[in-house]
Amino acid sequence: MTIHLFSLAILLVPLAATIRLFFVDPKQTARIHGIAKLATFIPLVVSFLMWMGYDTSGEKYQFVTDIPWVESIGLGLRLGADGITIAMLLLTSLVMFTGVYVSGSITDRVKEHYILLLGLGTGVFGVFLSLDLFFFYFFYELAVIPMFLLIGVWGSRAAQYSKEYATTKLTLYLTAGAVFALVGLLALYFQAPEGARTFDIRKLEAMGVDTDFQRVWFPVIFLGFAAIIPMWPLHSWSPIGHAAAPSAVSMLHAGVLMKLGAYGVLRIGYGLMPAGADHWMGWVALLCVMNILYGGMVAMAQRDMKFIIGFSSSSHMGYVLLGLATLGVTGVSGAVFLMFAHGIMTALAFGLIGFFYDQTHTRVLDDLGGMIKQMPFIGTCFVIMAMASAGLPGFANFASELLVIVGSWNAEYTLAGTSITVRYLPTIAAVWGLVVTGVYLLRAVRDAWFGPPNPRWDGLKDAVTFKQKMPFVVLILVLTYTGCFPGRLLDTIESGVRNVMERVEAAGAVDAAEVSPESAPDDEGAAK
Amino acid sequence: MIEAMSAWNVGLALPEWILTATALVALFYDARSPADDKKESIKWVWFGLLAATACVVIEWMGMKTGEKAWAFRGHFGFDAFSALLKTLFGLTAMMVLSIADHWLKRVDRGHAEFHLLTIFATLGMFFVCSVEDFAGLFVALELITISFFCLTAFKRNDERAIEAGIKYVVLGAIASSFLLFGIAFLYGATGSLRLDALGGVAEAFAHGGEDAPLLNFGLLLVIIGLGFKIAAVPFQVWTPDVYEGAATPVTAFLSMGSKAAGVTLLMKVARACLGDGAAGLATAAPWIIFIVVIAAATILYGSLGAMFQTNIKRLLGYSSIGHAGYILMGFAAFDQAGFAAIVYYLMAYLFTVIAVFAVVVIVNGVIRSHRIEDYSGLARRSPLLGFVLTCGLLSLAGVPPFAGFFGKFLVFRALIAKAGALGDMGPDYAAASVSTYTLAFIGAAGVVISLYYYLMVVKRIYMDAPPEGSEEQPIVAPQRLKGLLYACLAGIFLLGMVMGPFMALAESAAAALVAVH
Amino acid sequence: MTVGHVIVVAGILFTIGMMGVLARRNILVVLLSVELMLNATALAFCGFSRLVGNFDGQIMVFFIIAVAAAEVAVGLAMVIALFRLRLTVNVDRVDLLKG
Amino acid sequence: MIVVFFWIFAVLICGGALVAITRRSAVSTALFAVISFVGIAGEFVLMQAYFLAVVEVLVYAGAIMVLFLFVIMLLNLGEEDLRILRGPQLHWVGLVLGALFLSGLILTCRRAGLFEMPLEGGAAGETKALAVPLFSEYVLPFEIASMLLLSAIVGSVLLTKRRLH
Amino acid sequence: MAVFLGWLTLLAPLGAAVALTISPSLRNSSRGPKVAIASVLVSFFTALIFLIGGESIEYISRWSWMDLSTSDGDGLLIELGILVDPLSKMMLLVVGGVGSAIFIYALGYMKGDKSIGRFYAKFALFVFSMLGIVFATNFLMIFIFWELVGASSYLLIGYYYEKPSACEAAKKAFLTNRVADFGFLLGILMIYDLAGSFDFEAIEAAVVGNNLTSTNPAQLAFASFLIFLGAAGKSAQIPFHVWLPDAMEGPTPVSALMHAATMVAAGVYMVIRVFFCFGGVGSIDWGWAPEVIANTGAVTAFLAATIAMVQRDIKKVLAYSTLSQLGYMVMALGVGAYGVAMFHLTTHAFFKGLLFLCAGSVIHGCHHEQDMFQMGGLRKKMPTTFWTFTVGMLALTGIPPLAGFFSKDLVLDALHVRHFGGLQFVATVTAGLTALYMGRSWFLTFFGKYRGHAEVHESPKVMTFPLIYLAICSVLIGAVGYFGGFQEYMGDRAGRDIGVLHINASLAITSVFVALVGYGIAYLFFVKKPELADRAKARFSFVHRLLDNRYYIDDFYLWLVGSVQQSAAQFCRFIEERIVVRGMVGGTVAGTRFAADRTRRLQTGRVVFYAYLFLAGVTLAVCAMVLA
């Protein structure tokens, strides 16, 4: 039994706050806000400290907490962080912290709102920190369920879909994905010989997994997580969910929750089943093209602001998938970095949309227009967000997408089951995706913010107080800081990714050695 | 061992005696005391239950690990398994009586009969945990069943209650006939009514490749008879009707007590079929596939049937079918891990179901309706009840951090272990292995479907506005039931988050069940 | 004569009982058909008792009869209650609970 | 000799039951059922289970059937009810299912070789032979059965009481 | 020290932009613009220091931006840095020299604008982005600032965000550039594949050392063509030219800065910077790429000049003129005369900057009237503007000894030397057209009678001073450059085998003659006999319509975006809503609901039916068991 205060604190503080909130009088909203702010600020500080304290050349997992939970089945509360985790923790704590600030506009059942929000946060932190398959799933579901109520109770209508429809769809999709993956996780648990069975990811990594097993079960686990990423065509829950959710929840949802899937693919798919990943990810490179281009095209045809950002998220997550599919340090680091960048960026987007939606009660572009006149601050932030999202330099999104694209350019995608090797094609699509992204984002900016001011919106109030401005400023600062000076964060991510990818590359080398003798001439012919 | 088995050792059945005495005293008390004051005063029966349960716990504490005590010349066994389940049954009965008190206050009649029948049923459940032969099994099961027949039709002025009773009686009697017919064949196959006599035949069948038609036929019918009790497809049809028609506390008792009794017996029979080598029928591919098919059908039926329900009790009836399916997944695993999973599942199920039904009783007391529609805005009218019901439903759905999740998790775990093990056993078991994996995925689908209808209720509770004019009308949980609700809530969370100690209990129970004596 | 014959006769009786349940709408007759089924099992027990050569099977018949009596008592009580409420003993009319 | 009786009783059992479930009137159903029970008692005798035969006749053909008749009379079904409840309405599916079940059963018996096991021989099921194990080995089920009957009484009273206090 | 100066030069405008953005007090005070001006002046002075310092100040300073490399050198390393060599020094001079003038000018032009602070913030940001391109040491850095230039141009063009046309123009500029950058980035990646590095030095070394992974000319040509696409986007070459005329929606200083000195020059500058990818050095054959480039330039030069002839908006004329002149530069690039292209870029920056500012001054004087047909006779009312405009015009049309004469004739000479006869002819004709449309606008604006209504006044000193400064430069810089050894200073960028070029007397006389003819026609049509213009218009109405509609290229794009792309988007949306949501998800839901409904209906409520089900289950199980 080892305990590291940092990893435990990051998990326990939101949990403790959740429990504390149960016993607060619902009328004391100021107090409730206070607790929520504190409970999100402490993890922010702790995750920052963890980042600072993380040794990029040290142990693979640091800040390890290991508390036996159900010893007879090898289950323990095992927490720890590598570089990838640190990036995700920073992202989560930032989004949580700012999310609490932007949800100040909520007046209905404040207490329940924060209980669920913090419960959600606990779950997300738990997933990122878990070094135990069981708790990975446990925390994941813990994050999904509060979402149902958060969207259903405090959400809003999403175009032709009611919020209830949206939230149900989201919850079912996410649970279906998770349960699907759970079967895979259990199979992973049982492939170990009797007596050595454990849910401990570190031990499983050390033991290694049979290659054939990996090839059979990797798709199961991957598909489970892919529904969360969300990979085309399993994505349709996501835009509707985004659109229906209240600000803070959209922020968390798009900013953090969608990253859980990719994180799961990395931590479990790649970490434990490197050969499976090596075998299958070629197909993913093709599918993610659909994400990028198709998501972008659908976003182009949308008029509801949140739908635009929602589909753009699925487009951006296509880049994450592409980065993962490269199976190289550059691409995967880029993907993780992009997870971080996209998380911050979408959080910003949804925070801003929520801010004006609270006043306009419409997000449809045709109703808006010229609002930058009335809301210069929010408008400026939105333009900055759009720039970041469109992949302009100076923001982390650009840096990370660049890494993904460069990484992907050199990658060869072998389609398992066929003798086809694809090169360049996904990258070309990804680069074209940048154009598509620009189109719909600029259109949204033009239609909502620019153009002649609409007298209908004369009464709109801009963000004026520190409390109102702070979350947006913080997110923009982080986005630009990491975009201009990615070094430190990227080093952290890289150290984590390198540890994971070493095994994948080794598996790939073995695979190539097995395959090459007979199929080498084929590859030549099929290239390009 | 032989000595132990031939001893009478009547004291071992002390909890049962306490219950019997309670029943008899209550019967006399009911007959003698004037009508008005026994309404309330019959509540002392609750303490009889408490005493019996406490007695079980004390006996259990006094036992060494892995020890099994015998009484009635080896026809009554007591080990960790039976102790744990008896405790569960005792707790169930006590909780049900607590709920029933509240409900009876409203109905205002039949207090004594309700308590008596509850005690009888509980007594049957206690015996079920300890019987070692088919005669006892059958009689104890019938004691439960007949008590439940009467309890179901307790509101005899209510057409629905009587209808539920009729359906239950007719189908229950048919099921009993099949069970008996099956026992007859097993008796023919083994030459004995003892459960453990099955093992030898089963092992011979599984390993020697010897054909055992009598065993198979008998076992099939026994499974059908018990499958009726736990509401497994295709013997589940009674469940929604009876759940809907019966009084709510009875439904609660049915869904936990009756089902758990069936499960207990199934576990005992299954264990017997494993034989001493603990492999027995667990290595018979057709049987595995048979259970897998039933489990899959049950899960799907329960999940699908509940989707369009508008009555919460009916919904819970379907949900109960679904849970039977998940429990059967544990049987498909057919080993110690599976049994431990089932035991844990039952523990989790107990607190969850009682919590849910307690809320249903309280809410019904105010709004006089079981329509899900009328639960709209419950969280506004009573945050506590809304919260408890939500936790309960989500626990039923199998979502962390609630108890139901870990139960389901263990079942899945056991099942996939079995699937993997079957896969390693060679080509003869390929079909069994594949079907077992398929069951895991069907189970996963079932979780999603069932989550849907539970969430629809949660949606009512939290998202919908209370019906016109009722915003001002809060629903208050009575103080005594509040305690019960908190206890259930604690159970739901503890079993869902701090699994270690409970898992140890479940595992010791399963170990005791599987142990060779 | 063989044990098989006894069992087959029991099986036939059991099936007839089952058919009775399926065919008849009068609850009383349905209950009676169930009694036929229970009797069939009793016959089977007795037959198997001969096969295995001990009396356990015959003792089981006692319990069957006891249980059957109890079931009949409760069943009939319920029929009476039903009749009082609905003035019918037609099982097809007992279908409020469905769906 | 035994063969002859066996078949006579078998015909009684099956014929009685068959007629019982096809009679329109509930009363005649009950009466024909008694014939079936008597047949069973006969088979018991053939299998030297004398005590069971007695119990069968006393309890089943006697007490239980009387109870049935009593209730039939009590309910006093009118002409109309009897018309509605006329005769059997068995769907062919039921027959097929029943036939399949029965053939499965017979096949099982054949596979188990039950048709090679002679019925004759073995000890007679006299009172003492049954009483000893019943009150030693099986005393527990016996006691449980007593509770069961008690429960049934309580339940029946509950269900049929006209008015509660 | 020099290294520090380089970084300071790069970062100063960024600092100004950030300061103006985050500090409201600075933004709203009169100090704000001054800070921005100071930050640009830094680059002007740095350019002077660097040029004076000569070879002693040539260096590369690197800062690792994203480092994914291992200790043994594998993996990706992306650096930002400062590359100071003759080329970047010269470009820095252009940006600083012209930029400072425009910054100062804007002080007058934008006076009275409420958000002048915001304007200067964006302006400074733009200069920062441009300087990044100037100083870039590697392809990724140039790409980064390439994108930043796009973004800041978006902000500047859309400065009048309340005007829908401005927003549209901004978006158009950005997206057109994005499409071009699609090619650019792919080109960069291809070069990365070929040379294994993004770094200019390394790639050049690989090219010279013949160390590319492939020497297949088709592949190499494709790579350099893709890179050229990026340049074509920024330098507004056909088919990416459409954004530039629309970009005149921005304030005039913006037009002057972007379309004279910086953004449009960036494309040409980039090609010169990576001339080794276009066959500038080494012995590797780069296939068909150079020819395509040269032809693109020629087509652009000619088409833009023809369109310029029919424009009514004074800024639009200059915009098309810019396109046309860029066409010259690109032609020079295509034939490998990089030094000449740079020379023309430099001179063009000054005189086109001057012209734009003059136009701005006219617009300012006429109270934001841009239609030349609403002007006339301004010669008297705005003398300074008139004279400076005249200088700029003469320089543009290549009248000796002004700047344009030298640079344009060198381009012609380059075409001649490389035997591109056709292109040479087109270029000469275009020179005549240039004179024609410039003369037209000159006459329309400054001669004849005033046709407008508003009171016209000369612009304030703060605006005329930069005009005079640029006019002087426009007069001198050509001769100074030509005789002062500009091409030699560019070193090997003068071209692989083209060497240092000299004015060819016959070519010069021809081009000057053609220009004079152009002026003559302009005089005839717009001063002497204006009705002649109308008659020509009527006579050649088809041609006029074609020109007026800009060869329908914009309409084609509009159709492409409006119909094709929107249809594609709507099609995807249709798939999303019908197939993914309603089909897949809805189908699953409907299937489940159907199954659920059927399941529910099994519960008929009739106990007899239940018994049937029961028996069916039993029988099924028994049969399965017996048969098994």
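Residue numbering begins at 1 within each chain, and the chains themselves are lettered A, B, C, D and E in the order written.
By definition in this document, a residue touches a chain if its C-beta (ideal position, glycine included) is under 8 Å from a C-beta of that chain, and two chains touch if they have at least 3 such contacts.
The model shown is predicted, which means the values in this text are computed figures rather than measured ones.
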What shortest step count links chain C and chain D in the network of chain contacts? 1
Would you mind checking which chain's C-alpha centre is most distant from the centre of chain E? D
Based on C-beta pairs in contact, work out which chain pair has the most and send it over. C-D
Averaging the CA atoms per chain, pick out the one whose centre lands closest to the mean of every protein CA shown. A
How many angstrom lie between the CA centroids of chain C and chain E, rounded to a whole number? 94
Suppose each chain is reduced to the average of its Cα coordinates; what separation in Å results between chain D and chain E? 100
Cα centroid separation between chain A and chain E, in whole Å? 36
With centres defined as the mean C-alpha position, give me the chain A-chain C separation in Å. 63
For chain C, jot down the residues that touch at least 2 other chains. 3, 7, 17-18, 21-22, 25, 30-31, 47, 49, 51, 53, 56, 59, 63, 66-67, 70-71, 74, 78-79, 81, 91, 94-99
Could you pull out the residues of chain E that touch at least 2 other chains? 600, 603, 605, 607, 611-612, 615-616, 618, 622, 625
In chain A, the residues touching two or more other chains are none
Applying that definition of touch, give me each pair of chains that meets it. A-B, A-E, B-C, B-D, B-E, C-D, C-E, D-E
For the chain A and chain E complex, residues of the former touching the latter: 169, 233, 235-236, 294, 297-298, 300-302, 329-330, 333, 370, 372-373, 383, 387, 391-394, 398-399, 402-403, 405-407, 409-410, 427-428, 431-432, 434-435, 438-439, 442-443, 446, 449-453, 486-487, 490-491, 494
Sort out for me which residues of chain D touch chain C in the complex. 2-3, 6, 10, 13-14, 17-18, 20-22, 26, 29-30, 33, 36-37, 40, 43-44, 46-47, 49, 51-52, 55-56, 59-60, 63-64, 67-68, 71-72, 74-75, 77, 81, 84-85, 88-91, 94-95, 98-99, 101-102, 105-106, 109-110, 114-120, 122-123, 125, 129-130, 133-134, 137-138, 141-142, 145, 148-149, 151-153, 155-160
Can you name the residues of chain D that touch chain B in the complex? 104-105, 107-109, 111-112, 114, 136-141, 144-145, 147-148, 150-152, 154-159, 164-165
Which bits of chain D are touching chain E when the two form their complex? 91, 93-94, 97-98, 100-101, 104-105, 107-108
In the complex, chain B residues that touch chain D: 13, 20, 23, 27, 35, 72-73, 75-76, 109-110, 113, 116-117, 120-121, 123-124, 127, 131, 133, 135-136, 138-140, 142-143, 146-147, 149-151, 153-154, 156, 165, 185, 188-189, 211, 213-214, 216-217
